[in-house]
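First chain A sits with chain B, and in the next complex the same chain sits with chain C.
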Partner chain A sequence: MRINRRRFTQLSLAAAATPAAFAIGGKARAADPLKIGFVYVGPIGDHGWTYQHDQGRLAVEEEFGDQVETSFVENVSEGADAERVINQLATTGHGLIFTTSFGFMNPTLKVAKRHPDVRFEHATGYKRADNLATYAARFYEGRTVSGILAAHVTKTNTIGYIASFPIPEVVRGIGAFTVAARRINPDLQVKVVWVNSWYDPGKEADAAKALIDQGADVLLQHTDSPAPVQVAEERGVKCVGQASDMSRFGPTAHMTAVVDDWAPYYKERVKLALDGGWSATDTWGGLASGMVKLSPFNGNLPAEAISDAEAAIAAIESGERHAFDGPVRDQSGTVRVPEGEHLSDEGLLGMDWYVEGVQGKLPG
Partner chain B sequence: MAVSGLLGLRLERRANASRAMLLVTPPLAVLLTVLSGAVLFAALGFDPVKALMSYFVAPISTRYGIGELAVKATPLAMIGIGLALGFRGNVWNIGAEGQLTLGAICAGGLALAFHGQEGPWLLPLMMLAGAAGGLAYGAIPAWLRTRFNANEILTSLMLTYVGTLLLSYLVTGPWKDPDGFNFPESRLFNDAALLPIILDGTRMHLGAPLALLAVVVGWVIVARTLIGFQIKVVGLTPIAAGYAGFSQARTIWFTLLLSGGLAGLAGAIEVAGPIGQLQPSISPGYGFTAIIVAFLGRLHPVGVLLAALLMALSYLGGEHAQIELGLPLALTGVFQGMLLFFLLASDFLVHYRLRRVAPPGVRAARGRVGEARRRWTSFP
Partner chain C sequence: MDILSMILMSVVAAATPLLFAGLGELVTEKAGVLNLGVEGMMLMGAVIGFAVTAVTGTAFLGIPAAALAGAAMAGLFALLTLNLLANQVATGLALTLFGVGLSSLIGQDFVGTPLDRLPQLDIPGLSTVPVIGPVLFGQDALVYLSLLAVGGVVWFLARTRAGLVLKAVGENPAAAHRLGHSVLGVRWLAVLFGGAMSGIGGAYLSLAYTPLWAENMTAGRGWIALALVVFATWRPGRVLLGAYLFGGVTIAQLHAQSAGIDIPSQFMSMLPYVATILVLVLISRDATRIRLNAPASIGKVFHPGG
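Moving on to the complex of A and B:
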């Protein structure tokens, strides 16, 4: 008998004897299963971005059983290869294809035009078509919560931020973090190191060490490997994990992680595709929708830090608080967001400026 | 030779390596890889025949697949040709990836500079600019090597990182798409700056025949020109080359400029072909994979072409096997690794042989006799 990933999942489901799985399996239609393809930019074992997307894929398999069949291609480079991989999925009977990195935007659009009968979903991009939806998460809301924790625990008032590429999403995260942290501790400064990669454990660890040597006692990361968490643990500083709960890499250092939870979204979209209600929408979910979550706070954090963080989560979820509530100043001290307003989605999407309190110059 | 002594075996260089065997080893390595692959698939619980078909045949069983093979093999062949010439002359250009990047920057820069005022002159100009950019970038290690005797392996490799950071600066800064929400990529090139498709319904573009042309030119240089002969002599016996008046510096300049130019042209072809814009990463490591391609192809232009096709197929097959069978990505690496292992191992056995050796006492006696015989018969 062939053992592939899918069958393995089914077997493990059977072993777990989940009644729900059987119930859904029983409802499976006679029709052919919907084939769903995922294109990943990193390895599924990165413990970060791609890992979380793959968790979403597994959740889809678990939820829909025989109604779906999933496949994925990992480590697809964001160049000429992407179009071929996406096209290959489209021509091998996949009816719904998720491409999960910004760099797949133009290739996805090209293939989507060629295959109007296939539904596509592209993460973090801005180009849409009748059969191409987009989705992204408001990770910056999680950064606000991280900022509150960092402001409570820092003693040196210096935060180290390991950043990937100077794109709006990352700049926005740095901004949201800094704004929230400086509301509590106005002396706090943020130092940023750009590693020009989403996943490079060696470079990420080097950046972490350099930042600690420059006085940082809290590390933030917008890169996907757990290497900075390990360095933080070794050197006795605090940190915030990225994309998935990374506490096992730094049980003392890891304060929390900003977790991307794609499972509810993927399940919803697959359900729509199965029921025929799918359309090319644009989704940008945050804490309120459950697309962004904070992993459990470390027990060694001060009680006040935790209660402040929890209050912030509740306020953001209810819409009472926004990550960029005015007044927000840029590095030159100019007010970019006046008091009583908050930064619009348009302003967030194209954000290319550092807020006050971030050191250095934004590349580009 | 304690270990080999224990095993009762010893390695000995063959006096004459069989030329026929040297030609047979690459196909033999491929065959052994396929056979081991079958065993591996069977061990993983897959039907070996089906898995091998999915890996090696299915990806190129469609018209689109053939086009993709050409798209993927084009930069590998083009860069591999240049590198192979250098390696023949012991010039180790490891920085083709950087030269490719500079070629992409020069060609892409032209496409952006003349955005909206293109003409039929633009595309040839982009190709020339790409080649010139790569050539100029290859000139740096050549100059450092001939002027300061700086090792070209290190300088060319390190310049690769400079090249990719320069590209990263340009696409996050001055060349960023004005309507692109500050994402790091240039605007899409207009059609006049894109290589025409030469096979309908695929992505096979004009770069593929250019790569074939590079193979022909490479072959002419190797087989029919004085410089090709000089490179070979400099590579095999630098001292003899010196007596013959062949300049080592000339070999270094020629091969680094040529391989740099070809890599730059490959970069121009990538941005004007399948990518159609500038972005932070242009190549998934073609410049480095081409090193393997050059050796797999026996440093011969025709061999390089075949090796490029084979490597391209191994990538396509890896993707296909992931989609169709859920096989892990690591398999691509395993296949490429096995291929190189079998090639190097069979090469080694063509040049060396294992000989059973007698116990130590006898061996010592024989050794003395042998030594005496060698002394009388060998020419210094």
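Moving on to the complex of A and C:
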């Protein structure tokens, strides 16, 4: 009985392995489309981070038609489950696999080592291999533009910033925003509330209300739900949306949103993979590459604010302006970036200090 | 409205979904059934409440629909655990997972749909009293309903024959069965009530707290409600206290942060949990009374034939 069951298991394993073997064999034929896999951390319906990646996938399908075949797995949790999913994509004939969350870094690296003939791309990470490229967006460049708008519209000189976790990416955004806003209005102060969550509509709304009660009349958010936009609209203050255009939730309040656009990058990488020119590069694209965009400015903004913001976008795109052009001081007044220089990429990636004008202490 | 009443309004809003779900679960557990599916039932209430309100344009249909959705989920749980004698803990966990998935599926078309907030029902004359006026008498219908529900549950459990039977079923189902009470019938009703209350709690999130539908928008509130019931030692008044305490400390820590008070934010985020547990443990530290309050047969399968 026991032997029979074991034999049965072996047989079924062999049967399960067969289609995969066929798929690998099939890949060699030239006429076959390139199979591209996407691994998402959230649902494609989140209208935020994952939604934007999926828009990129759809753009690839549209651009390359039957030269490619894409598939995706959504709601993959960061951890052991991710490795299983990535491995499955690698063993089912996918030639190019995008994993789109920071927490997929180690699983992607592991699977990439096991499958040297498959090309991998990991978003927002820093570990690379011969067949593992990395890519991320300079979201903070959009914060610079938000800062300019906020400085023009605030009357209380108090800005509320709803932040998720004290990691360099978020601290960098607070810094870029504050530097740009205080360049126009040196009296402006930024209050930060950490909600310790990427996504909790109720808590984000509560944080928004608390900040408004404390005098903030412009809200920024580095969390993913549109709840703060709704609160801003109800309380009659201004705000900036996150990851996708949230103007539906606050037609008057929503000044603009900082949006990721992965489509140009994905199309470029797929083209390289098809032509044979793909290599394991590290890309950190901003406004200039089109990876970061601003959704249309609200028509109720002062003309001067819009022209200033547009000028800043042009200057950042041309490389004339940097989000952290010196002199940049930290909270103690010490010059961290001297005049005539700007913060290096290394400094940006490890940023763990508040710039001057941010209130409170950065949680360790 | 002045700042103080604004703050108190936020406290009430943060507490209300916990209060609904906690009260429902309390009644379920008093009948001897442990349903860990609160989070899933809340999510179903949130999505159905939102969808029906968005489609029909009236929350008067949305809220009952949310209660029905929560009760339907609870009915599934009751069928599996009461009739088919499945393990309550495992079934409850499965119910949460199921609710997360099903609500995302149903809600797909409603992501990104804005909706008007549930209107405030000002009680004439009283809602204009300074500070406490708007807080006590300028709330939406669901807040009033949640407070009425506390009174209702207290009265039901302490003063009615049906409440006594429910507690008897939770304490000693075999004895209640021999006295001729339908253990399964009572438990079914208690589970359905718990589901309906969780559903309304979810609808409060998607209609009044943050009027939008977003996947997994309960963000763990179902689990907090479950914990509240235990730390409140199965007493409705303490569930009320715990929910308002939790809401109050949550709002207070956000204000402390934005006022620039120099305490690590991680500690601040932990504070509502610590404060609520601490207070509830301190007021109910009499071990004998806890044992008297805890339903003796909770989580145990009952089979009338056995």
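The working rule: the second predicted complex is superposed on the first by the 334 of 364 C-alpha atoms of A that agree within 3 Å, B and C clash if a C-alpha of one lies under 4 Å from a C-alpha of the other, contacts with A are read in each partner's own complex, and residues count from 1 in each chain.
Operating definition for what follows: contacts are C-beta pairs under 8 Å (C-beta built on N, C-alpha and C of every residue); 3 or more make two chains touch, one makes a residue touch a chain.
None of these values were measured; they are calculated from a predicted model.
K.L.:
Does chain B (first) or chain C (second) touch A:226, or do both, or does neither?
P.N.:
The answer is second: A:226 touches chain C but not chain B.
K.L.:
Now for A:317: first (chain B), second (chain C), both, or neither, which partner does it touch?
P.N.:
In the superposition, A:317 contacts neither chain B nor chain C.
K.L.:
Where does A:330 make contact in the superposed view: on chain B (first), on chain C (second), on both, or on neither?
P.N.:
A:330 sits against neither chain B nor chain C.
K.L.:
Contact-wise, after the overlay, does A:363 reach chain B, chain C, both or neither (first, second, both, neither)?
P.N.:
After superposition on chain A, A:363 lies in contact with both partners, chain B and chain C.
K.L.:
Where does A:166 make contact in the superposed view: on chain B (first), on chain C (second), on both, or on neither?
P.N.:
In the superposed model, A:166 contacts both chain B and chain C.
K.L.:
By the touch definition at the top of the document, which applies to A:213: first (chain B), second (chain C), both, or neither?
P.N.:
second
K.L.:
Which of the two partners, first being chain B and second being chain C, lies in contact with A:196: first, second, both, or neither?
P.N.:
Both: A:196 reaches chain B and chain C.
K.L.:
Contacts for A:63 in the overlay, against chain B (first) and chain C (second): which applies, first, second, both or neither?
P.N.:
neither
K.L.:
On chain A, which stretch or stretches are contacted by chain B in one complex as well as by chain C in the other?
P.N.:
The answer is residues 43, 166, 196, 363-364 of chain A.
K.L.:
Would you mind writing out the residues of chain A in touch with chain C in their complex?
P.N.:
Residues in contact with chain C: 42-43, 45-47, 160, 166, 191-197, 199-207, 209-211, 213-214, 216, 225-227, 230, 234, 248-249, 359-361, 363-364.
K.L.:
Could you please specify the touching residues of chain C with respect to chain A in the complex?
P.N.:
These residues of chain C touch chain A: 3, 6-7, 10, 13-14, 17, 104, 107-108, 111-114, 117, 205, 209-212, 214-217, 219, 221, 250-251, 254-255, 257-262, 264-266, 268-269.
K.L.:
State the interface residues of chain B toward chain A in the complex, per the touch definition above.
P.N.:
45-47, 62, 64, 68, 71-72, 165, 168-169, 172-173, 176, 181-185, 188, 203, 270, 273-277, 279-284, 315-316, 319-320, 322-326, 329
K.L.:
Give the list of chain A residues in touch with chain B in this complex.
P.N.:
Per the stated touch rule, the residues are 1-6, 37, 43, 71-81, 83-85, 87-89, 91-92, 102-103, 106, 126, 165-168, 171, 196, 349-352, 363-364.
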